[in-house]
Amino acid sequence: MRLQLATWPDIETYLESCDAILVPIGSTEQHGPTGLIGTDAICPERIAAGLAEEGALVAPTISIGMAQHHLGFPGSIALRPSTLMAVVEDVVRSLQATGFRRVMFLNGHGGNIATMQAAFSEIWSRASLEATSSPLSLKLVNWFMLPSVRRLSRELYGDAEGSHATPSEVALTWFAYPDARRDATLNPRLAPDGPIRDAADFRRRFPDGRCGSDPTLATPEHGERFYRAALDDLRTIWTEFRS
Amino acid sequence: MRLQLATWPDIETYLESCDAILVPIGSTEQHGPTGLIGTDAICPERIAAGLAEEGALVAPTISIGMAQHHLGFPGSIALRPSTLMAVVEDVVRSLQATGFRRVMFLNGHGGNIATMQAAFSEIWSRASLEATSSPLSLKLVNWFMLPSVRRLSRELYGDAEGSHATPSEVALTWFAYPDARRDATLNPRLAPDGPIRDAADFRRRFPDGRCGSDPTLATPEHGERFYRAALDDLRTIWTEFRS
Amino acid sequence: MRLQLATWPDIETYLESCDAILVPIGSTEQHGPTGLIGTDAICPERIAAGLAEEGALVAPTISIGMAQHHLGFPGSIALRPSTLMAVVEDVVRSLQATGFRRVMFLNGHGGNIATMQAAFSEIWSRASLEATSSPLSLKLVNWFMLPSVRRLSRELYGDAEGSHATPSEVALTWFAYPDARRDATLNPRLAPDGPIRDAADFRRRFPDGRCGSDPTLATPEHGERFYRAALDDLRTIWTEFRS
Amino acid sequence: MRLQLATWPDIETYLESCDAILVPIGSTEQHGPTGLIGTDAICPERIAAGLAEEGALVAPTISIGMAQHHLGFPGSIALRPSTLMAVVEDVVRSLQATGFRRVMFLNGHGGNIATMQAAFSEIWSRASLEATSSPLSLKLVNWFMLPSVRRLSRELYGDAEGSHATPSEVALTWFAYPDARRDATLNPRLAPDGPIRDAADFRRRFPDGRCGSDPTLATPEHGERFYRAALDDLRTIWTEFRS
Amino acid sequence: MRLQLATWPDIETYLESCDAILVPIGSTEQHGPTGLIGTDAICPERIAAGLAEEGALVAPTISIGMAQHHLGFPGSIALRPSTLMAVVEDVVRSLQATGFRRVMFLNGHGGNIATMQAAFSEIWSRASLEATSSPLSLKLVNWFMLPSVRRLSRELYGDAEGSHATPSEVALTWFAYPDARRDATLNPRLAPDGPIRDAADFRRRFPDGRCGSDPTLATPEHGERFYRAALDDLRTIWTEFRS
Amino acid sequence: MRLQLATWPDIETYLESCDAILVPIGSTEQHGPTGLIGTDAICPERIAAGLAEEGALVAPTISIGMAQHHLGFPGSIALRPSTLMAVVEDVVRSLQATGFRRVMFLNGHGGNIATMQAAFSEIWSRASLEATSSPLSLKLVNWFMLPSVRRLSRELYGDAEGSHATPSEVALTWFAYPDARRDATLNPRLAPDGPIRDAADFRRRFPDGRCGSDPTLATPEHGERFYRAALDDLRTIWTEFRS
């Protein structure tokens, strides 16, 4: 069940048997010359939609994340870590106020991880500093780190997976939006790697926006395999989490 | 052109001839017994998609807004005004950092208006307090206040339009998602009206979540008419804004 | 009763029969070549003083508001929206902590409206996100939008009322401070109109600080009529609000 | 010259020969059974008005201050220190943006001192952390600590001056508002003294709101003498500060 | 007992008979050509260590303080006042959450005083604005203002004590770290004095970093005398505070 | 060279040949029945002191970290993530303002990692959102994750290392403070493991404060070996970082 297509009586009924919800979160940022700017939101949204068809309650995707280092490329939009923390805090507190006790985020962007974890700690600090007890379970699942996904990526791409604008995520977006496929010759095939700092430094180090990856290896068929692999792992995690 | 389905070179090219972007913004909140929780995001997203097909650049929808008063009903999610202001500020500053000069928000939620205007002022305060000059044009367009939309609503529903869970927005969501149509007998037909305060007070005053409206008057056909009316007005505003 | 001229036992007694208070709020900002910098504070302060004489409890005027767009003209002072929100929140929470349940702001500055409404929502968010119920009633009354005031303004000035440094507010300041009257020839008689952005843009669009108005039409006699009209409407609103 | 009764061209002219301004700041808080709630704002406002008559530019009084410890008594209004710091920062930055370089605050409330000094440091931190140089001079003058005022207080009241709801400030409010005089028998004559913590603790320690003072010694004639003493000292400080 | 060398069961036992803790706080900032950058942290840390040996519970030293005005000299590190307030608030709330009721700060830096007091008020505002009662006792003790210390400083140095990089604090650091002694000829012997503003202004006024002091008068033997004097006074204050 | 025992001219000289600094950061939190509350600060401080003896510039240790989950045990002190981010931001900006360009944090607490990374991104966001370029290099090194340390831990303890109150960190504190050694029988030998949430939940899951570890395996001799292993790795990283 997708939250935005439900009514409040639907959710009231749902809460009678389950107090868990899945929130996809991504980013709107450059993904190299051929990757979609929405890649990091599209991937968790597509996987979560699969789980929603099986009955899980899925919230609207938070499409903007912590992407300051991509601001050297047009089309990128970033929340400061402090802003993203406030967003996550308000989302979780809203869900708690209306009866949810378990909130699982399905994340599509590596740059969100640290900030999301800091946000969870900020939320728990409220209870801890008041010496009260919080009823909340919070969990962050990164689809690109799911075991089946990692296995498939190693099998298909080996080191060419890289860390940004990877063939696995590009493949998944093409499965989700077949018309979005772009073919291009990338030079060098394998993008450089290095540390991540501010946006100007990032563009100097990674001139076309990719980090260590060769997304030309992606195909829509790979994308479907990534989707199925991720959904299988996610289903298991969700089933355990919701009970 | 939808930003999430574009690449950064696409946007670099777009910026050579236009520095304007349209950002849909809504809310995730109860809309009465039959209205979709995603109504306020779905409506501007659907209208903006129409303009994107005509060439306008449209960002991903900001789906969560200032909806604290709806937190008495499950499924509602709210950002505090201060959080939403930070989000809007970061989105606008990101776009400015990457070359945009004109940002137009297409809004689907009355509760966002004051906070959005405060956010614009907060952004401009940065320049004003530094005694520098900002190159930004910011504009807030509320689709439900567009003249053609108001005219059509008055014609179709008169006073039964009300102010929340209105037949016009319900109709538009049914046009966007025909399967989402829900028919139900609402009692009373016309919901009560009154001031808006905190969530507990809201649920006392508006027991089924509607304010002053009779959404049973909505039809998908009306929805398409609202879509066309809104798109016509928006096209005119956009054309003037982008140049 | 004016709060600053009362003692705490006076207020303790007052609270036994009434838990409402009126807080004038304005701005300190340029009002064109002839308008007083204090116009937006003087007007609600003067009207509220009238109601105080009839027994209403009136707090000290908050004289500084959201006026970033006027910072291109010397003498203007502005709070960022986020700062004004914190001020309103602390004032309201202080009053609540000491026994008040109804707080009505009498506002003299259009630029404050959105931020004040966002502040109210921020206050209510505290209760809504905690799933508790707030006992507060908050109300914003803009004196220049009161029906009797609008009627009188239309009658006396028509379109020459404009939107900043208006003849109605100038007239009211001259009624309050007869010595402050300034006569001058303004060129053009009717100031230009347009959107409001940052301070530098504002000064470019509105070279002498007025927006769409011709304040040379004002007289102290008009000022007294505006005072009486506003006080009549305010009395009705207050009487209903306090009970 | 009082800022609120001036126009922006007046201030533009003033700035040609002087870039200094005086800002009265006080508090709205209980002052014992007979002291006015507005005492801390009325005193600096009255003294500053004297200097304004001699040509100094005086801003509107900031009437609400850091008074959390008085919130056990109705009629008290408090800003959190963080809020007051934001207010002071915005006021100073506004004045700097419009051409001022010297800002002197005339303070009437001991509870404001630490927060005001912290606010000054916050303002200067902006320049220091950017390794730039600030052109600002900021000064805090507490009228009740001026040498002539201290001398007169010791002469008239000795130890009965105390530290809150003091006879000197009560006297000055009676000079400013002769009708506000209240006579009452206070029991004990001399209020207790002790540390200041939260509001509940304060009301327990200081049951009628006074700290160590006997305000029954005050007379309006004393008030005029305090006014003249303070004005003499202030004039000297201002003359040196503005040049 | 030093907190960092204890275990949690040690503290659980300690709390059975005492709910007070001593927190040294200082700064990391230039102290003239011969003074240690850690002077303001070393002094309270050394004195507190003496009290810890006598059984008082002493927390780790907060080594960074409000030192924005020293940022013109390399080696200085500063927290903004707002940041230091958040640190103090979190430290106090943590201690309160785990059973402490009395928190005494032993401060080594004049620049911290106002911000610390504002932080205490911010903490108490939480209770006061909620109309609840706080069980906390908070106290700020500045070692350099202790009566025995002031007496000894006057006796040894008279006016050459000055206000920054003073011989008394330099002497105490040499007692704590005998190898850190530095002898140098300072020119002028007595440093200039003046107001404190931003870092650039500070370096202009105080070219070698000292304010009004002649630290060449310091000796390690003086340092031991200051240590004993401070410890004697502190013991008395602590004994009264903890009970 | 330790910053707190240096003078500003020392640092001015140092900056002529090197613009890098090492900042130890830890936490003050329970470490089980036998581990020191200061463990996470003592470990990086001790290792950094080794590097300081070899010429590296080492700042004072930031002794308080993100430890909200330990607040169920007395003696723990925690900064909220947002507060720790402000501290890191101010420290880095201070160092940048005074000439440093490379800041390396040596961290002793796993709970700090996410927040530190978020803080770095917040710092870089300033440059990225302004479309300017930051000259800063920031690096986070966790001593307990250094390859030689991990190797030694696996060799000595295998799975009994666990994740909190580990034998490796306990051993290192006993090397640093031989008198602090505590022997005790722990029951169970191997502590339980599980997710980390708020403080009340943590104490329920981990009744004596340890997570998955058996610190009774620690010896001071192990501690010295960990010290040497960590110092070797750190030296290599530092040498590369500073040039």
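All chains are identified by letter, namely A, B, C, D, E and F, in their written order; residue positions are counted from 1 within each chain.
Methods note: contacts are C-beta pairs under 8 Å (C-beta built on N, C-alpha and C of every residue); 3 or more make two chains touch, one makes a residue touch a chain.
Computed from a predicted model, the values in this text were never measured in an experiment.
S.K.: What is the graph distance from chain B to chain E, where chains are linked when they touch?
M.R.: Steps on the shortest route: 2.
S.K.: Rounded to a multiple of 5, how large is the rotation, in degrees, that superposes the C-alpha trace of chain D on chain E?
M.R.: Angle of rotation between the two copies: 180 degrees.
S.K.: Looking at where chain A touches chain F, is over half of the residue numbers used by both copies, so same, or under half, so different?
M.R.: same
S.K.: Round to the nearest whole Å and give the separation of the Cα centres of chain A and chain E.
M.R.: The separation of the two C-alpha centroids amounts to 47 Å.
S.K.: For chain A and chain D, what's the span in angstrom between their mean Cα positions?
M.R.: 54
S.K.: I'd like to verify one number: the distance from the centre of chain B to the centre of chain C, where each centre is the average of its C-alpha atoms, in whole angstrom.
M.R.: That gives a centre separation of 29 Å.
S.K.: Mind pulling the chain D residues that touch 2 or more other chains?
M.R.: 71-72, 78, 80, 82, 90, 94, 97-98, 128-129, 131, 199
S.K.: What's the complete list of touching chain pairs for this entry?
M.R.: Chain-chain contacts present: A-B, A-C, A-E, A-F, B-C, B-D, B-F, C-D, C-E, D-E, D-F, E-F.
S.K.: Could you pull out which chain B residues touch chain C in their complex?
M.R.: Within the complex, chain B contacts chain C at residues 66, 68-69, 71-72, 78, 80-82, 85, 111, 113-115, 117-119, 121-122, 124-125, 127-129, 131-134, 136-138, 197-201.
S.K.: With touch defined as at the start, can you tell me which chain D residues reach chain B in the complex?
M.R.: Residues 90, 93-94, 96-98.
S.K.: Can you list the chain C residues touching chain D in their complex?
M.R.: It is residues 2-12, 15, 28, 30-38, 41-42, 59-64, 71-80, 82-83, 86-87, 89-91, 94-95, 97-99, 177, 180, 182, 199, 209 of chain C that touch chain D.
S.K.: Touching residues of chain A toward chain E in the complex: what are they?
M.R.: Listed in rising order, the residues are 128-131.
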